[in-house]
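See below for the structure under consideration.
Order as written gives the chain letters A, B and C; numbering starts at 1 within each chain.
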Amino acid sequence: MDYRKGSIGRVFAVRVDHGEDVLSELSGLAIKENIKSAFFIMLGAMGSADLVTGPKEKVVPPKIVWSKFDDVREIIGAGNIFWENGTPKIHLHGAAGSSKGMTMGCIRKAAQAFMVVEVFIVEMEIAVKRIYDENIGFSPMTFE
Amino acid sequence: MDYRKGSIGRVFAVRVDHGEDVLSELSGLAIKENIKSAFFIMLGAMGSADLVTGPKEKVVPPKIVWSKFDDVREIIGAGNIFWENGTPKIHLHGAAGSSKGMTMGCIRKAAQAFMVVEVFIVEMEIAVKRIYDENIGFSPMTFE
Amino acid sequence: MDYRKGSIGRVFAVRVDHGEDVLSELSGLAIKENIKSAFFIMLGAMGSADLVTGPKEKVVPPKIVWSKFDDVREIIGAGNIFWENGTPKIHLHGAAGSSKGMTMGCIRKAAQAFMVVEVFIVEMEIAVKRIYDENIGFSPMTFE
């Protein structure tokens, strides 16, 4: 375990509109507003998303399983914004359900807002970067 | 996409007790404490709720599907408080599950606390109102 | 319903690493940093957890149902840290899913991080303790 403490910076109230790509809107906002370190919560609906729903087996590095939906799902999500190699990375986990079923996982692509997605971003005065580690196959939060 | 940035105001730690209506307790608190703009997270259990579990079809404006439960479910929720026409509106998405199954969606009525529901509200110094838009059939967060 | 208001204190960005026990890491952090009152959000994956998935019947005090998983699940969680009898208590609700299924509830034991669990803790300047109430069978947030 590792951690850092700090104080809270700015807060952002964000409305992602129908048909927009949630992840690219958040990345664009992070660049425009220079958000380097933040967590967020999310609620709304999505008309599609590609998400990782766990590994095939319980081994590290994992072979991940991709899932997707393109019907409409209600969403609840939690995530964060840190940068890797000069680019903002959005890490978003969400549960996505409707009367037809539920799924959840790490939402990574094609996350299209249906009607609206509302996001509340809390900036942290804590220096964090994502640095790729080939042994484990991902880019953990790394503290300076 | 639209957004505003600001600073954080007050924070509220709220315990909703057994049998109380979660949504009306939050609305009452918003009036009493004049909370005009906030997001929150929620955990606890509910003995009932009426919730919207997506639209019937992928069209705008959507015809929504209502679901309900009246057994006891563990809850995780995320939401916000903004006002519309002089009244606080609680927008709450939650996942609700037990050993008997899971559902999730937009919790809108009859959300009765079982044992306890704990809510942590973060006020934002950002001016937001909900204004109804008949073309899309809901009231988006609207910035001044 | 009861509540208190206050201001926000420190914020913590926490990375719980592969194989570590998420709940004991958070308890240890609460002791080390003297975190007496806080809420948090969580995202990541767990290789196991024991969780309470509601009561057997809709009665108070409830007889709780224990569930568990030991395959890998993607996680979204919300929780808080308050103290009871001089010890930090982590209250964590989470939804845990993979391509093989979903569960959710109150995660209480054996919550082992798989790859990583990321936690963002917001300290509140609000005095809260958990005090056990034998009539209801749990320890509600109690305000001074």
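Everything below uses one rule, namely that a residue touches a chain if its C-beta (ideal position, glycine included) is under 8 Å from a C-beta of that chain, and two chains touch if they have at least 3 such contacts.
Remember, it's a predicted structure, so these values are computed and weren't measured experimentally.
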In the chain contact graph, what is the shortest path length, in steps, from chain A to chain C?
1
I'd like the angle of the rotation relating chain A and chain B after CA superposition, in degrees, nearest 5.
120
How far is the middle of chain B from the middle of chain C, if each middle is the mean of its Cα atoms, in Å?
21
Which residues belonging to chain A are in contact with no fewer than two other chains?
8, 41, 76-78, 95, 102, 122
Touch list for chain C against partner chain B, complex:
1-8, 37, 39, 41, 52-55, 58, 60, 62, 65, 67, 76-80, 91-95, 102-106, 122, 124-126, 128, 136, 138, 140-141, 143
Report the residues of chain B in contact with chain C in the complex, numbered from low to high.
8, 10-18, 20, 25, 28-29, 33, 41-45, 47, 71-78, 95, 97-100, 102, 114-116, 118, 120, 122
